[in-house]
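What follows is a group of structures, each given as structure tokens.
In the two complexes that follow, chain A is the common piece, with chain B as its partner first and chain C second.
Here is the complex of A and B:
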């Protein structure tokens, strides 16, 4: 195929990816500052910044005056995430510490960070192996990926103001974005401002617990590190025992922040700006709380009767109400919002509890939040559309549009949501088969529930799975092929499948 | 006053008002103009209402009232706008489309119109009132909703049949204003016996009227299952008003696009896309079990057919829209329970509004042979300060005080009730006595 017949101006997309990379040097200054404070790995970050800026300028040179159409937008978003994940490996590779010095592992860790998955391949999570600066970079990748790198780019880059809505649409979680202000750049700025504000609030509260003497190991470093991975529903922690390393007070404080992180940001913004009533009236928010409430009650019942004994972290005996309620609430909220924090090693819980948790991995946060997976809004529409199917089976002549909070949902949107949900499950099952087959090939022993949890967890950007992939385990044992496959799952999962898969169709590249 | 457009509405208004007003009728059709000149005591002029010279010829300069009542919304609005620039007459406009009504309501005096009546909405409102009261043939409200008047036919199995009024008078705040028997008015006293097939006109609080309606025909409790056939504007507005009142009606529309549109606009209505004359569909959907079937198709014959079909399948009550005024009686004759004519409804509303200079609210009974009207008691009224027993003989025979409202609440009129200055009285009056009554009150 000659180049003239290619209908996508890929140079424009790549050039804009370069611009984004160049700007990535600004957040890189933060781990550099940490490195300077602790006097370790300073050169690693200086080298990274130089490389990133150089690469950025080189890519920008491909097309000095990029003109972004709708097709180039898809390519730019997909490439940005791939490029950022690749560039994100530089600090791990240059530092050369531990298991992430190996390129495939570094890519897995970096993609897991930017996509806010939180699945790790670090063999040893401690400051003995890795510097505090590297660990802070790991936290920061999640924070940047949470609200969306492209959303951030739209907020600050004037050249993206025209096609910006479509770019954000391709990147933002959930079906369709809601413009909060007439200008898309302003909307992007508002979203980021709210994001920064809530993150800062959490850091203050967590450190406040330390000052109040209720959390001795919640140092300022830890408060910032966990603040950076709660709001993006990330799940990385510089502590090997995740939130389980902290007191019950810290665990309770983190829960509401995870809930907010899984709520539609437009809704949060409106609620803060004078109409809190909208929260209570919002169909999706009610469904979101309802699902979490019901599953928590179910799980708390299971934990109360069975307890969770013989665990290294978060073990407790049957019959303890507070422990059962706290661990059930924390784990359910963490997995529904796709954060991936843990307070108890749920990989060691009873089978019944584990299947309940596997179910929560498919729920996902609200549309327009930082959460992953299928998302509440889609489930609400799917349930309503199915109810309509049942109704029209009895009354074939009935015409009944699907409504969401009084507004009619477009039939095309419903079709899109069904397609997405089906595709999501197809990817999940195909992925599980792939993981099991590849594990068999390399002689890695994995049972079906573990393989299912690995696929569901990476595709939904959740993080932990079961077995050795548990919240305090790692994905290290998988073969490089499986790891690269999971990198792909995280990538398509974060961009909600369709915008990435469209790049693999012939129709996209031709007229 | 000037009436523009001498169709059914215009002629009917002209006929009702020509005795008390000097009426000039403008119509574009010369045949219609000459017809009217002989039919009614009015001056008929041929011309276009939107044309300045026509309005000047009709004497717009010293006219108090202009009524634009052609069948075309835009013509009416242009006529009103023109009339507004030429004089300072009060301008009444008839429209079909609710969007013009919305505009007019949102911006006072829009298009230079002082009062706008919307055919579609009025018709839907009157249908909904009829649905709300089983067995009622006519319903009107007074005193800001505190008083309701209704006309009922007494079925043979009714508990009040063959009772005297004194025996039947067991609803607290309800007054039997009149009985229509063999086309004649009977003004009831305590000894008057109510017979089956009589039509009774009652005035009272809305609750009491509803209770009375329920007791009158025990077989038909309040409607629950309402089916609207036809997604015309009237059908749509009827469904919308029913939704507002907490009903969940079913609506049958044949056109797929229109059905989809209706389904989107009516969240609580079950919209079905089908032909209402498809018998197997009607049976499958149990339309025969409906309490009320409203037919609002765009064609009288289809309405009749659909109504009769629904009735045959077992529907309790049918209300049918009739575009042709002459068909109303015919429809009711062959089995439709109530036929509603939009033109008649709108003509009544305009006539009523025109008379409001004297009375605040008017309901026209039995082809304008009697009226129920609301008046405020003035200081020099012969009613003021006296018990009703003493003051009634001063009023023309056949006048009944149906209800009194004082400071917005209802006072049930009985012989010993003393009427005060400032009270609103709702009276049943024979049309020829209106002026005499108005003068006394």
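Here is the complex of A and C:
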């Protein structure tokens, strides 16, 4: 294929990726500061900043005056997540501590961070093995990835009309997202402020519990760490026992922040700015709360009846109302929003409970949030479109548009959502088989349910799975081939599948 | 709900179901004749005929002059398969032999027959336990079910425009199906003749192999039995070892008949009547052969490399070209067409081979054939529609219709196909969980892969699964609850999902 036939200005895309990398040096100052405070891994972050800035400038040199069309936009978005994931391995590799010093593991951990997945291959999550600065970098990758997703979902994807993404804001009555503020840059700035503000609020509340004597181990470091990984529905915790390491008060406080993190950010912004009533009228938000409520009730019933004994973390006996309700609420909210925190080792819960949790991994957060998976708004449209299909089966002559909040949903958006959801299931199915076969090849003992959880969890950017990849386990034992495959799933899943797959078509590059 | 508000003339539907039941007495004369010849179970079939005729007349009395609209058509179709499945249990129950004397098992076996699924709960498939007449009834239920499906798919569903079924014949260039002959009744008669003719040809060829000394155990009874269960892609065999009980020559002869059984019947009819070239030009037929060819090559490679040792039936060693090719071809054709015969105990093949086979269970035969599952034509449209979606992601302004054989496919048909395929996957997923959880509840040891095969195989009307429900095993060990659930899956799957689900909506009954 000769260069002249390409119809994509890939240099422009790569140049802008360079700009993103160069700006990455600014947040890198934060783990550097942590390294200076604790006097460990200082040079690691100095080296990383130098490399990132150098690489950024080099890439920018490819096209000093980049001009992006929609096509270059797709390429830039896909390459950005790939590039930051690659660059994000530098601290792990230079520090050289633990399992993430190995390149494939470093890439897995870094992609898991920037895609806000939270699946880990760290064999030992402790400050003995890893410095506080490295762990803060791990948390920070999620927070940065989440910010990128909010900007992408709210300000960029709707402009590109990607597979139903234009719907994301169809629900907000009144002015559309483009009227939130007149320009994309302004919208992004507003959302960035909200994102920072809510993160700060959580840090303050969590540390406040410590000051009030209700959470002895919620140090300031821990408060910041969990603040940074809640809003992006990330789920990385510097504690090996995740939120299970903390008091019940902490667990209850984290729940509403996860709920907010899974809510359409434009809706949150409007609700905070004087229109809280919109929340109650929003179809997607109601479906979101409804699903979480119903599944929580079901799971709380199962946990109340069976309890969860014999676990290292979050064990409880049958009949304890508060424990059953807390763990059910926390786990359902954590998995529906695709945060991935845990308060109890649900990989050791009953079979029935695990299937309930497997289902919740497909729900996903709201459109325009940092949540992953299929997303509530798509499920709402799929259910309505299937009901419409049943209706027109009986009334073939009827013209029966699908409506959301009284507005007719464009048929192209419905098509896009069907295509997305079907592709998602096909990827899940094929991915599960890939993982099982590869595990069989390498002698890693894993059953099909565990493989299903691995695929659903990485593709949906959820984080933990079942079995040895449970919430207090890791993905370490998978082969490098499986790990690279999951890196691909996290990347594809995070970017809404279609915009990445399109890069693999000839029509994208030449037509 | 008061009767007066119902908008469906259910009496008309039930009356016509009565007519179908009454006519069922005619083919019942065949197992009666077998019973007379072998002097066993004669009274069983006399009693069945009396009951069926009586019940038929009683139901017809509900509405002596039934008049069917489309809505009554749906109800009649769904009720017919339910009614014949219920009535079909009578011989098993009255004969009282073996495991199928138990009501739930009898219903499972009967529904499996009439839906041409071929999943069995017979604990002992032998003429010691069951009379030749009862076994012939079992084969005959599949042949009758297959005839019903051909008439339904080719002559009735397209009239009702069900979820993409109108597409079924979009592929045949030249005159549409309605021009095959001017009237539905005439079309049905023509297809019935073809169905009978091809069945007879297979019986003659199979018995011919016996006469020629190439198949000592292919008795005339066996030739008829397998003739009756190939064309409906049924898969019931009176031999416990299925086609594995016969010589390689028999196995090779059965393959092309399964291929024909999975081909659009209108296309077969046209090909036989002087237009064989149409086969080569038909997109669906080419995709059908292409998929079978590629998967066979893959599986033959796996079998050639690994062999399949230690099996009771169809064991072979690595490196045997003919064995690897024959078992790969037979099994892929058997599962893609959803026939379900076996020549080797594939439940004992390597893990990789089983996953390949699991995938083939989703492909399905052609539209307008007796094959089940998703069906090739829907996959062709799904793949084209997803490619269109990728294309319009890059070119949002483009108007890009999906074409089949040069003709634009109606967007409503595409919607219907998307809805069907997604519902199919959701049913598969939910069904698998149901089966696993219910097996756990009753202490039946089954892994998730086996449960997936059970759901895919019953929903897709394939027949065998893996593990204890392998091709030479049975579904006997499932709990009654799981069995009734699978009866539902076979019924829903056979009738293309949407026409059955629509009966569970309020809009069907009242709007």
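Please note the rule applied: the second predicted complex is superposed on the first by the 481 of 511 C-alpha atoms of A that agree within 3 Å, B and C clash if a C-alpha of one lies under 4 Å from a C-alpha of the other, contacts with A are read in each partner's own complex, and residues count from 1 in each chain.
Here is the rule we go by: a residue touches a chain if its C-beta (ideal position, glycine included) is under 8 Å from a C-beta of that chain, and two chains touch if they have at least 3 such contacts.
The structure presented is a predicted model; accordingly, all values stated were derived computationally and were not measured.
**Student:** Would you sort A:226 into first (chain B), second (chain C), both or neither based on which partner it touches?
**Tutor:** A:226: touches no partner chain.
**Student:** Name the contact category of A:352: first (chain B only), second (chain C only), both, or neither.
**Tutor:** Once the two structures are laid over each other on A, A:352 reaches chain C alone.
**Student:** If we overlay the two complexes on their shared chain A, which of chain B and chain C does A:449 touch? Say first, second, both or neither.
**Tutor:** It touches chain C, and chain B stays clear.
**Student:** Does the superposition put A:378 against chain B (first), chain C (second), both, or neither?
**Tutor:** In the superposition, A:378 touches no partner, neither chain B nor chain C.
**Student:** Which of the two partners, first being chain B and second being chain C, lies in contact with A:326: first, second, both, or neither?
**Tutor:** neither
**Student:** Just chain B (first), just chain C (second), both, or neither: which does A:270 touch?
**Tutor:** So A:270 meets neither chain B nor chain C here.
**Student:** Pick out the shared contact residues on chain A: the ones touching chain B in one complex and chain C in the other.
**Tutor:** Of chain A, residues 395 contact chain B in one complex and chain C in the other.
**Student:** Under the touch definition given earlier, write down the residues of chain B that touch chain A in their complex.
**Tutor:** Listed in rising order, the residues of chain B that touch chain A are 252, 256, 259-260, 262-264, 267, 270-274, 281, 285.
**Student:** Using the touch rule from the top, collect the residues of chain C that touch chain A in their complex.
**Tutor:** Counting only chain C, the residues touching chain A are 70-71, 74, 160-163, 351-352, 355, 358-359, 382, 385-387, 389-396, 411-412, 414-416, 418-419, 421-423, 425, 429, 433, 436-437, 440, 447-449, 452, 498-499, 501-502, 505, 507-508, 511.
**Student:** For the complex, which residues does chain A have touching chain B?
**Tutor:** Counting only chain A, the residues touching chain B are 395, 397-401, 403, 406, 408.
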